[in-house]
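Following are the structures in question.
Same chain, two partners: chain A is paired with chain B first, then with chain C.
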Partner chain A sequence: MNQIERLGDLPSLLADPQQQAKLTPQQAQAAQEFCRLGWPTTRDENWKYADLKALLKQGFQWDPSLVKLEDTQLEAAWLPLATAAIRLVFVNGVFAPEHSQQTAHAQVSYQVTTPAEHPLTAAYPAQVAQDKKANAQAAFCALNQALGKTQLQLKVQGCLDTPIYLVYLSTQASEQAYLSLSQLKVEVASGAQATLIEHHLSLGSPNNCSHRQAQIQLDAGAQLKHYYIQELANTDQHLSQLDVYQTRDSHFTSQHINLGGKWVRHDLDVVLAEPGAHVELDGLFFAAGRQFIDTHTRINHAAGHTYSQENYKGILNAKAQGVFNGRVLVQPQSQKIEAHQNNANLLLADGAQINTKPELEIYADDVKCSHGATTGRLNEEAVFALRSRGIDETQARGLLTLAFANEILDNIEILAIHQRIEEAIAGRLPAAYNLKGVL
Partner chain B sequence: MLEIQDLHVRVDDKPILKGLNLHLGAGEVHAIMGPNGAGKSTLSAVLAGREGYEITSGSVQYQGQDLLAMSVEERACAGVMLGFQYPVEIPGVKNVYLLKAALNAQRKARGEAEIDAPSFMKLVREHLAFMKMDNSFLHRAVNEGFSGGEKKRNEILQMLILQPHLAILDEIDSGLDIDALKIVAEGVNSLRSASRSMLMITHYQRLLDYIVPDHIHVLADGQIIKSGDKGLALELEARGYDWLLEDAG
Partner chain C sequence: MASERMEQLVRTEYKQGFYTDIESDTLPPGLNEEVIRHISMKKQEPEWLLAWRLEAYRHWLTMQEPHHWAHLEYPRVDYQSISYYSAPKSKKDGPKSLDEVDPKLLETYEKLGIPLHERAALAGVAVDVVFDSVSVTTTFKEKLAEAGVIFCSISEAVREHPELVRQYLGTVVPREDNFFAALNSAVFTDGSFVYVPKGVTCPMELSTYFRINQANTGQFERTLIVCAEGAQVSYLEGCTAPQRDENQLHAAVVELVALDDANIKYSTVQNWYPGDEEGKGGIYNFVTKRGECRGDRAKISWTQVETGSAVTWKYPSCVLRGRDSVGEFYSVAVTNHHQQADTGTKMIHIGAGSRSTIISKGISAGRSQQTYRGLVKVLAGAQGARNFTQCDSLLIGDQCGAHTFPYQEIANSSAQVEHEATTSKIGEDQLFYCQQRGISEEDAVNMIVNGFCKDVFKELPMEFAVEAEALLNVSLEGAVG
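Entry: the complex of A and B
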């Protein structure tokens, strides 16, 4: 089975014992789990705004033999990084060694394998206090496990001073849209440090659907900077589940940037399992046209003396719709924690829409927590001030929109990423918002 | 330079300017004084092109053009520049971005090429030093966290770089201590030239000790009720506005 007329029919197809017989026992088990869970619906609180109906009506295929690309097509697309320890390229979820740069490094080892060979186990040990609202993408993750063909395992064992660059390309493989399923497993060993860049982009305008499930484990004192840059075409659909498990004194920072995609859903779940674990999540999403971008983050303070800070900003234009749901759970045993959350949104048009919800559940009493959510428009006084200096109105609005994003951009230390996003934001503003002379 | 004739302006259906006439020749510095509510800020807002002001009759000619028909940015590109009473904070936009974007927009409107980076930085640094501002101002967000004095100095810095033909200074002295006032006045005085006109709107005579105008007008109840030379300011300082209002009344 390598294709389906209607994605929505997949549970009934996979329920067929004949289909399951073609899978390994663990994949068959995942298929049964997928069938049991079924697709989430908008009746589910986690999926209130993320309506899957349109996606489930589409047909997809997932034959990895169809995936081929020329080098030249790729080079124009990826980030002009000054240096990268390794660059691994995945085309429609399938590893493309011919486009990758696989330099040997003492500090990092990796292998590309399959979910069939190495099924992903639970993201963290059962004895860690769980969040009942986690695992929102359980059905997709089960599907990924049952049918996915690619799993990348990365292990960092020292201090890596150049980034690991993962490129996920979506491309039109044939007449029919492609369903790409991929898994990523990262382990940063005790005391090790690394920067990981995940770059999701499209060539042309495919109407594919990609699901990427990632698990990141940080051992004691480990540090990881994670850049997630999603600039898929506005025809592409994308879901991602990221589980981060942090042990003692580990440090995780995330720059989560979403600029593209027709329909995008993220679940970012962080478990601070031991004292000293520290997480900083920065996010920026920019949606125009009829784009839909939904981000759910969950931070689980499962131990005392842990720290989280979250700052997400959204810019919405035209008839775009954004969702931000930021959940922070402080378990009863987690005293002396600090948790700060902020979400600010900028609406550029009357038809744009944002649904934002901070969701704090605090069961410990000796904690320092704050949260804030704001939604607004451009400051018209500032627009006037810029115009009064000769800057035309459209450029003034563009400059102020970019200014709104700058708080997040300022934390991006890699120049190539910073410039790429700045230009993407400037370029995605309506044509007349010309910032070329300013950037 | 500027010819205002019989200007009537309403705000929310309430008449504010009621037949204002004013003539500014090239190179002249005029001060407009007057009690609160006279219409001083309305005049500067209308000249800059701010929204929310209904012009019911009258005309404003600037260098022979109909100023009121021009957009805000067209006025700026034509050389009209307002120094704000309350400069707005613009988080995320660096001062240097604003200066460069504004200068290039105005050069483009004049059909000139964009300024190259070294020339731009040289120009900016010279004027920064003159306004006693250090280079860090360039990389701070426009007016964000600036003191009152720093904001006003920043307005004059923009004028020094953009070199308007007609500068409108709306209560440029408000919120300034004496040292900041001197620096701002020095900046303004350095801009005085035979081809540049200035319209200063102020509540207090104090500013006029530092920037000495050629003409002073008293605006009350939407009209100029008295014009004179700098001696008029001293008389106002001594006697207040009431005697004029009674005379006009």
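Entry: the complex of A and C
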């Protein structure tokens, strides 16, 4: 079984014992779990705005033997990083060693394997207080476990001063769209430090669907900077689930940038399991045309003396639709915590729509929690202030929009990423917003 | 010790707990079409209203009690164990003046600290008293009649102003709106009706005191307020309930209609029996309140002080249909012991230039759970819509919870929507600052909590503001974090 006419029929196909017999016992179990859960619907609070109907009507195939990369322009597509510890390339979820740069490093080891060989277990121990509203993508993760062909395991054991660069390419593999399923498991050992860049992009305009499930575990005192850059074609569909498990005094920062994709859904679940854990989530999305970008973040303060800060910004143009749902959960007994969340959205056109819900759920009293959410367009007074200084109106609007994005971009320490995104934003702005000659 | 004193104060008993023994004409528990026919017959209702009720009932049968989304946990209500009609036995014609009112009833109000006649005379407030489910006395009718204002029980309105009731009933909260609204539409027994004609400013603040008295009787109030073009009214609703062991269901529906330039202010002080310290008993308060600014420049303002009820499920909302219409929501909610409250508002911006303000203050103590759940929705046509939302939570004690679920759905780029929320406990530094100036810890807490709620209290009519502050102090005085 390597293809399906309608993705929506997958549960009934996988429920067939004959199909399950072809899988390993763990995969068959995952298939059963997937059949039990079924596809989420908009009646599910976590999927209120994310309608899967159109996606489920499409046909997909997932035969890795069909995946080949003909494009010689590949290197022009990825980031011009000055140095990278390792670069691993995945084409439609399948590892492409010929395009990867696999330098040996003492501080980092990795292994490309399959979910069949190394099934992903729960992201964190069961005794850590759970968030009932987590696991929104449980069905997709079960599917990934059952049918996925690739799993990357990364282990960081020391202080790595050059980034680990993962490239996920979406290409037109055959006439039928490709369903790519991949898993990523990252472990940062005690006291280790690393930077991880995940770059999702398309060659041409395939209408694939990719699901990436990732688990990141930070041991005591570990530090990880995570860059997630999604520049898929506006025809591609993408879902991602990221589970971060943080132990004592660990430090996780995330820059989550979304520019492409026709229909995109993210779930970022962070568990602060031990005192001293610190997380900072920054995000920026820019949707235009008829793009749909949905981001759900959940921060679970499962221990006292933990800190979280979150800042997500959205820019929406034309008939794009954006969703942001930021959830902060403070478990009972998690005293002396601090949690701050901010979400700001800029609407450039009347057809654009934003649905945002910053949630706080707090069961402890010695806390400092705040959240804010704003939606609007550019401040006309600010536009006027720039014009009064001789900057023409279109450029004033361009500059102000860039300034809006810069609050997130300024925290990006890698110049190549910073420039790339700034240029991408400038390129996507409508005619009344001009940044020519500024960048 | 501060915590001991807090314990003490948190244990403050429900001061309004008593039970008035009046014989009631009560239907046996259970709900079916016969019960609805009986209610309708008792109320001498016209045929169309009975049909309307029955349709609501049939729809209700197809609905499920919403248990999945609200942040509430309570045992399921057995709708067949509730009696749907209970009326104090009265003489055929009913009392015409205060002298004719059952003295025991008047005594009840005395105990509540609401001297009806005094209050009515001194404060100029007309009180449409709802005792269990039937209006017993109405005052100041003539004065209102002079101004052309209709203020009566909904049953009376059905008999005397059927055209008005029929025109507006169920137009803001449709029968199918939600489970509890459908139930209410089927079995509502009383409530108030207000109609303020064109250009009239209602000469006094209208007020109703609700009481639940009979054990095992749910109250299904239906309130309808209509303000014609340029009219203005301020309506006060206050609730207390006697101490009972079994949970009592209260599923009211309040509908407000404001036409062009009309202004409706609706204030509530809710102090139903919240259950005892163990979380036993208490009222289930599942209320649908919604106002519609149907005309241009209309304004609807909700102000509420919620301190009672075991379980509260309540979202007073505004549909801002008219151009430049205004919606406001000011709320203070206090929960203690095992109380649970899931409350908030919805602001639906349809008209261009519509504006809304939401100020919500939640105070959570003991083992209570409190949730703010709000929606600000701006439709594509609402050019220049504006919303400001602020919801702050104060936590007292480490066993309670405070939650915020604000939804924003914005489909117009010229809209400006802001939301901010904070959650914290009373700061040690704030307390210390007050104490070093010679203010006792208890007074300092009172001061800080009152200050925390000031933005809402200042929106209340004067006599309500006094009552609200007293209520707050009773609920929380000295509860030191």
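Keep this in mind: the second predicted complex is superposed on the first by the 424 of 439 C-alpha atoms of A that agree within 3 Å, B and C clash if a C-alpha of one lies under 4 Å from a C-alpha of the other, contacts with A are read in each partner's own complex, and residues count from 1 in each chain.
The definition used in the following text is that a residue touches a chain if its C-beta (ideal position, glycine included) is under 8 Å from a C-beta of that chain, and two chains touch if they have at least 3 such contacts.
What you see is a predicted model, and the numbers here were worked out from it, not measured in a lab.
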Once the structures are superposed on A, label A:Q335 by its partner contacts, choosing first (chain B), second (chain C), both or neither. second
Winner on chain A touched-residue count between chain B and chain C: chain C
#### Entry: Partner chain in contact with A:G38 - chain B first, chain C second, else both or neither
neither
Between chain B and chain C, whom does A:L399 touch in the aligned arrangement: first, second, both, or neither?
first
Which holds for A:K368: it touches chain B only (first), chain C only (second), both, or neither?
second
_Which of chain B and chain C A:A385 touches, first, second, both or neither_ = first
Look at A:P358 in the shared chain and tell me whether it touches chain B only, chain C only, both, or neither; answer first, second, both or neither. second
Notebook entry, point to check: After superposition on the shared chain, which partner residues are touched by A:D350: those of chain B (first), chain C (second), both, or neither?
Noted result: second
As the complex stands, chain A meets chain B at residues 379, 381-382, 384-393, 395, 399-400, 402-407, 437-438
Interface with chain C, chain A side, in the complex: residues 45, 332-333, 335, 345, 347-377
As the complex stands, chain B meets chain A at residues 48-51, 71-73, 75-77, 81-82, 84, 87-88, 90-93, 97-98, 100-102, 104-106, 109, 114, 141-142, 158, 162
Chain A partner, complex, touching residues on chain C are 69, 71, 380, 393, 395-425, 481
